[in-house]
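Structures given as structure tokens follow.
Look for chain A in each of the two complexes below; its partner is chain B in the first and chain C in the second.
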Partner chain A sequence: MDFLNAFVALSNYVLIPGIAYGSQLALGALGVTLVYGILRFSNFAHGDTMAFGAMVTVLVTWWLQSLGVSLGPLPTALLALPIGIIGCILMLLATDRAVYHFYREKKAKPVILVIVSMGVMFIMNGIVRLIIGPDDQRFLDGERFLISARDFKEMTGLAEGLAIKSTQVITLITAIIVVALLFWFLNRTRAGKSMRAYSDNEDLALLSGVNPERVVMLTWVIVATLATVAGVLYGLDKSFKPFTYFQLLLPIFAAAIVGGLGSPLGAITGGFVIAFSEVTITYAWKKVLGYMMPDSLAPDGLVQLLSTDYKFAVSFAILLIVLLFKPTGLFKGQSV
Partner chain B sequence: MKKIMMATAAAALMAGTAHAEDVKLGILIGFTGPLESLSPDMAAGANLAITQINESGNFLDGQTVSSVQGDTGCIDASLAVSSAERLITSDGVKGIIGGMCSGETGAVLQNAAIPNGVVMVSPSATSPALSTVEDNGLFFRTSPSDARQGQVMADILNDRGIKEVAVSYTNNDYGKGLADSFEAAFTDSGGTVTMNASHEDGKADYSAEVGALASAGGEVLVVAGYIDQGGAGIINGALDSGAFDTFMFPDGMVSETLESNFATLTEGSFGQHPSASGDGPVKFQEMGKAAGFDATGAFSPESYDAAALILLAMQASGSTDPAVYKDKIMDVANAPGEEIMPGDLGRALQILKDGGEVDYVGASAVEFVGGGESAGNYREIEMKDGKMVTVGYR
Partner chain C sequence: MNDTLKNVGLFTLVGVLILLTGFLQSWNSAMLILNMGLISAIMALGVNLQWGFAGLFNIGVMGFVALGGLAAVLIGMPVTPGAWSAGGFGVMGALLLGATTITAAVVVMKRMQKGHLRTLVVIVVLVGGFFVFRALLDPNVAAIEAINPAGTGYLGGLNPGSEDTYKDYGIIVLLAWPLGGALAAGAAWLIGKTALGLRSDYLAIATLGIAEIIIAVLKNEDWLSRGVKNVIGIPRPVPFEIDLQNDPGFVETASGLGIDPMMASTLYVKLLYAGLFLVVLVVLLWMAQKALASPWGRMLRAIRDNEVAAEAMGKDVKKRHLQVFILGSAICGIAGAMMTTLDGQLVPSAYQPLRFTFLVWVMVIVGGSGNNFGAVLGGFLIWLLWVQVEPMGRLFMDLITSGMSDGYWLKTHLLESAAHMRLLTMGLVLLLVLRFSPRGLIPEK
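Take a look at the complex of A and B:
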């Protein structure tokens, strides 16, 4: 029995990747949940909004790299991130003016807005591919590892290695900062409070003098910021490819719904629930159990519940279970 | 008016007679699709053989050969079959150089080549399933079956004293065929495959796949994928998490991209890809340079050989009828006879005309085994000091 090796193996393949992936999903789900809570529709274009923001950041990063600008051990993309956010904000505000505004004036039903957002999704998808192409793009520079597996083994003398990528740490820190700022904004500032009031009861908010157009604009600004940060972090940690953001839509929606649509705290919890379910259910536990159990009980098989091909099926299954048994999600959001 | 009509009719007749002496071959490969970057060099290789035959003037009493191209899309069986139908019925080709990818080749063989009785020589389809397919003696390939590559991989591992490996393969006909034939060969020779799992191409994140492979364990990770696709993702994931340091690269991975991106990171890793040793490839490369295409491109030599074999078999049998010359392909490909290197096609035609025998070696060291597929020569490579070096041929 060797609990230390078991814990290191578990951290290396489950805990650390799970936390990074969970943070990325949580940021994405926050955007979805805000749109649902305040604008009252499921925004299918969110995945491609992330791709658009990340694309602007990638382009600016390349430009900075060509000028020789760098942040030393940190990725240059962090410097380009604010410009990416501004690009994404402009894009979303333009979309709102051109598309959503029209349907809001007509007081269109949420289901119509969902279909409209699907159209926006296809157009954004096309724009991103047209500009940057459908292929994988590399834009990560700087130090790749905080601790590499080989160094860790040499340092500790353990049989198992532990790798911590710098992008995983950056993901976690950035996510914490962004979430803290968001909660401060929603709970402490006048604008944030007006957004919450508008979300809770539109009519009462209007009566107390909340300007609806301003709330809508603020929402898009925040959503664009969250989407760009999530998209860039995902691209840094994994790789930037427009199509993968489209695929991310499912786990992001699953996270938002599991947590309870409209509840920011729920979105964050949901993100981690989905991420850890995906990782733990498709992980082969042979190694960890081999360390934990006495030799006579050590498993021969892989102890893998589902093949990794079924990763997205896990999100689907959780989504179905939640919708069937607790449609409002863990944190009492609006029911779908 | 009448005169014009007469003139056109006469012209048409003359064109018709000119056609009668012209033998057509179809080049049926994936000019579009996932391997489209390989196809121009393959077509150029096949056309080079045809040009050399024409220049010699010895072919079947001075007849000339021309080629017609058809697109398969590589993964589009219905497009491949309709292109083949067009080549056979409307262009009247006497033999087909193709198909390119394994799945589409099987479809063309069953639905177009066999019903119409046309010979197919594929330069690049490597699925083991094509070895056992019922082909009426019409199907040949100048590339080896992946069953052979699986055996070669098992030999390489055994020679290096490696007993336990994990396998990750790309989820398609190529990856699955290769992974299965490798597992069978390696297990038979006493090795253990701890895990034989697929990966999907085109994903951003392979940490889950790598986690499972790491848990299964093994001294080496065999990556039977594509270097421009999921294969690179798997290697990145394995290196990042420290799951594996040493890899084995089959033919889909060995390329300049592999060397430039991973050579230093995967020091001591090794692999193999189909490639002949000796004078044939060198000579073919020179000819390719002179003709203005990249003769080192994958399957370009095999395409040259496919075209040459069909035409030499026609010469040997004195007929362009597939039903007649199909039996001669094995004869011209193998001993006995005079060895024929690339560029010697004119001489080979002369020998056959005089009633002699040839043993076609060509650009890819052709040696047919079984039902008419290349025995397969592989170049074994290894990563040494940040460079990909050749350590031997098998």
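Take a look at the complex of A and C:
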């Protein structure tokens, strides 16, 4: 039995990737939950919003790289990120003006807005494919590993290596900063409080002099920021491909619903719940169990509960379980 | 009367557009558009039943269509020799065991008193059942997939013929259409049982999820559908072109009509398909129209327009929703089986949500949700647009790049991306219709 090696293997394959993926999902789910809380519809275009923001960032990154600009060990994409965010903000504000504004004025039913967001999804998807194409794009540069598996083994003398990718650390740090800023904004500033008031009770907020258009504009700005950051972090960690962002829609929505739609804290919790379940259920436990158990009991097979291709099934199953037993989510969300 | 005139005019317009395709491009592509248009119209009919009649938001159309495609394989392909004895029965046993596990868990949930004990028992049943299921399933699956993996490696279907002769029994594929509907209905029952009665967005997400899972199953369960190795050569209910070309009688008739036999054979086959599809469409349309006018249809619309009031009048909202959800999904399954029959192959990776779910939604919304004829019209029109946007996009790109010099990066890029104009156009059409004519081309009466 070798708990130390087992723990290192577990961290290497489950904990660290899970934390990174969870942060990305949490950021995505925060965007979905904010749109739901303030604008009161499920935004199906969110995955493609992430793709759009990430695309702008990728393009700017390439441009910077061609100019020879770099951040040394850090990826150049971090430098391009603010421009990507601005691009995405402009895109969402323009969309709101051209599309959503009309239905808000008319007080259309939420389900109509969902269908409208489907149209927006098509258009954004088309634009992204038109500009950057449907293929995989790499834009990561700088140091790849903070600690590589070999260095770790040499340092500690353990049999099991622990590799920490720089993108995983960047993901976590960026996510913590962004979430801290978001909560500070929502809880401490006047504008943030007016947003929460509007989300809790629209009529009362209007009576208290909250300007709805301003709240909506702020929401889109925040959503664009969150979506771009999430999209870029996911792209750095894996790779940028427009279609994968569309597919992220399912785990992101699962995360937002599991946490309770409309609840920012719930979105973060949901993101990690979904990410860890996906990773643990699709991970082959042979190695970890091999260290944990006496040799005679060591498993023969891979001890993989489900193949990785079924990771959608995992987020889906968790979603169903939560919906059946706690329909408003772990943190009491709202329902239209 | 005015409405009828307008509707006839709209359908004539679509017909003329398809004829124009025939004259300007080729009759082959016009027939392709017609055939896929018929299938799209059936899919739109299914979605219209759910959304237009009952206001159910199903965005898992792709999954039900893919299940229909699976049915075409399960019926049309010959049994792989030795596969059943190697592992087929084991797999079936494992699946039965899995179903029993879930049933047992549901029974425990219902029978036992609420509390920690119940939770514990349910978890033990599910986890234990899962491991036994996997222990039984995995070796059998491996045994099936080991049989000639390059050629078969799956169970095969119900075709009575052998590897060489199965194509002679092509007519059997027609049975796959109702089976496709049944498979889709089964899946819809499962999902409806759990997700209906929750909020509309939740149903949407649940259907989106089930569609992705169905595609994942088709891609990964090689024993069932050969996975990403695809099943090709699914037999067809109509003759093969090559047989027609070798048939002296057919060649004679074709040359008598002044058509090249090669061309004549492809057109003849497509015409036969169109006839078959048309029969299905007309039957389904007739049934949908009858349902719409029946007390059942009125009840559905009453529920859609005011759920609370309908419930207060004693209507069983959940049951009606489940019914219509199953019916609509079954129609999508039938369409899926027809499409796979037309293609002659099952390619799981070809199922894309934008193409098979959201495009059908565009058809229903543009055509007119709540109106069966509207859905059918939308099916034809949007499919025509979907096909024709590509050449039009290329033309458009040629136009705006004509001033640029050859080899200029922007010109090459724009010309290469012309294919992606499709999604953009569809989104634009959807938004414009929603904004300026939210009730669609043929509005609900």
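The rule is short, and it goes like this: the second predicted complex is superposed on the first by the 334 of 336 C-alpha atoms of A that agree within 3 Å, B and C clash if a C-alpha of one lies under 4 Å from a C-alpha of the other, contacts with A are read in each partner's own complex, and residues count from 1 in each chain.
Quick note on the criterion: a residue touches a chain if its C-beta (ideal position, glycine included) is under 8 Å from a C-beta of that chain, and two chains touch if they have at least 3 such contacts.
Fair warning: this is a prediction, and the values are worked out from it, not measured in the lab.
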Query = Between chain B (first) and chain C (second), which, if any, makes contact with A:Leu204: first, second, both or neither?
reply = neither
Inquiry  = Contacts for A:Pro17 in the overlay, against chain B (first) and chain C (second): which applies, first, second, both or neither?
reply    = first
Task = With the two complexes superposed on chain A, say which partner A:Ser307 touches: chain B (first), chain C (second), both, or neither.
result = both
Request  = Using the superposition on chain A described above, determine whether A:Gly133 touches chain B (first), chain C (second), both, or neither.
outcome  = second
Request  = State whether chain B or chain C is in contact with more residues of chain A in the superposed arrangement.
outcome  = C
Task = Figure out whether A:Leu320 sits in contact with chain B (first) or chain C (second), or with both, or with neither.
result = second
Inquiry  = On the A-aligned overlay, A:Met118 touches which partner chain: chain B = first, chain C = second, or both, or neither?
reply    = second
Query = For A:Thr244, is the partner it touches chain B (first), chain C (second), both, or none of the two (neither)?
reply = first
Query = In the superposed arrangement, what residues of chain A touch both chain B and chain C?
reply = 307, 309
Request  = Would you tell me which residues of chain A are touching chain B in their complex?
outcome  = 9, 12-14, 17, 21, 144-145, 148-150, 152-153, 161-163, 165, 234, 238-241, 243-244, 278-279, 282-288, 302, 304, 307-309, 311
Note = Seen from chain C, its contact residues with chain A in the complex are 55, 57, 59, 130, 134, 138, 194-195, 198-202, 204-206, 208-210, 212-213, 216, 219-220, 353-354, 358, 361-362, 365, 416-417, 420-428, 430-431, 434-435, 438
Task = Using the touch definition up top, name the residues of chain B that touch chain A in the complex.
result = 171, 195, 197-200, 202-205, 207-212, 214-217, 233, 240-243, 245
Request  = Would you pull the chain A residues touching chain C in the complex into a rising list?
outcome  = 41-42, 99, 102, 110-112, 114-116, 118-127, 129-131, 133-134, 246-247, 249-250, 253-254, 257, 261, 301, 305, 307, 309-310, 312-313, 315-316, 319-320, 323-324, 327, 335-336
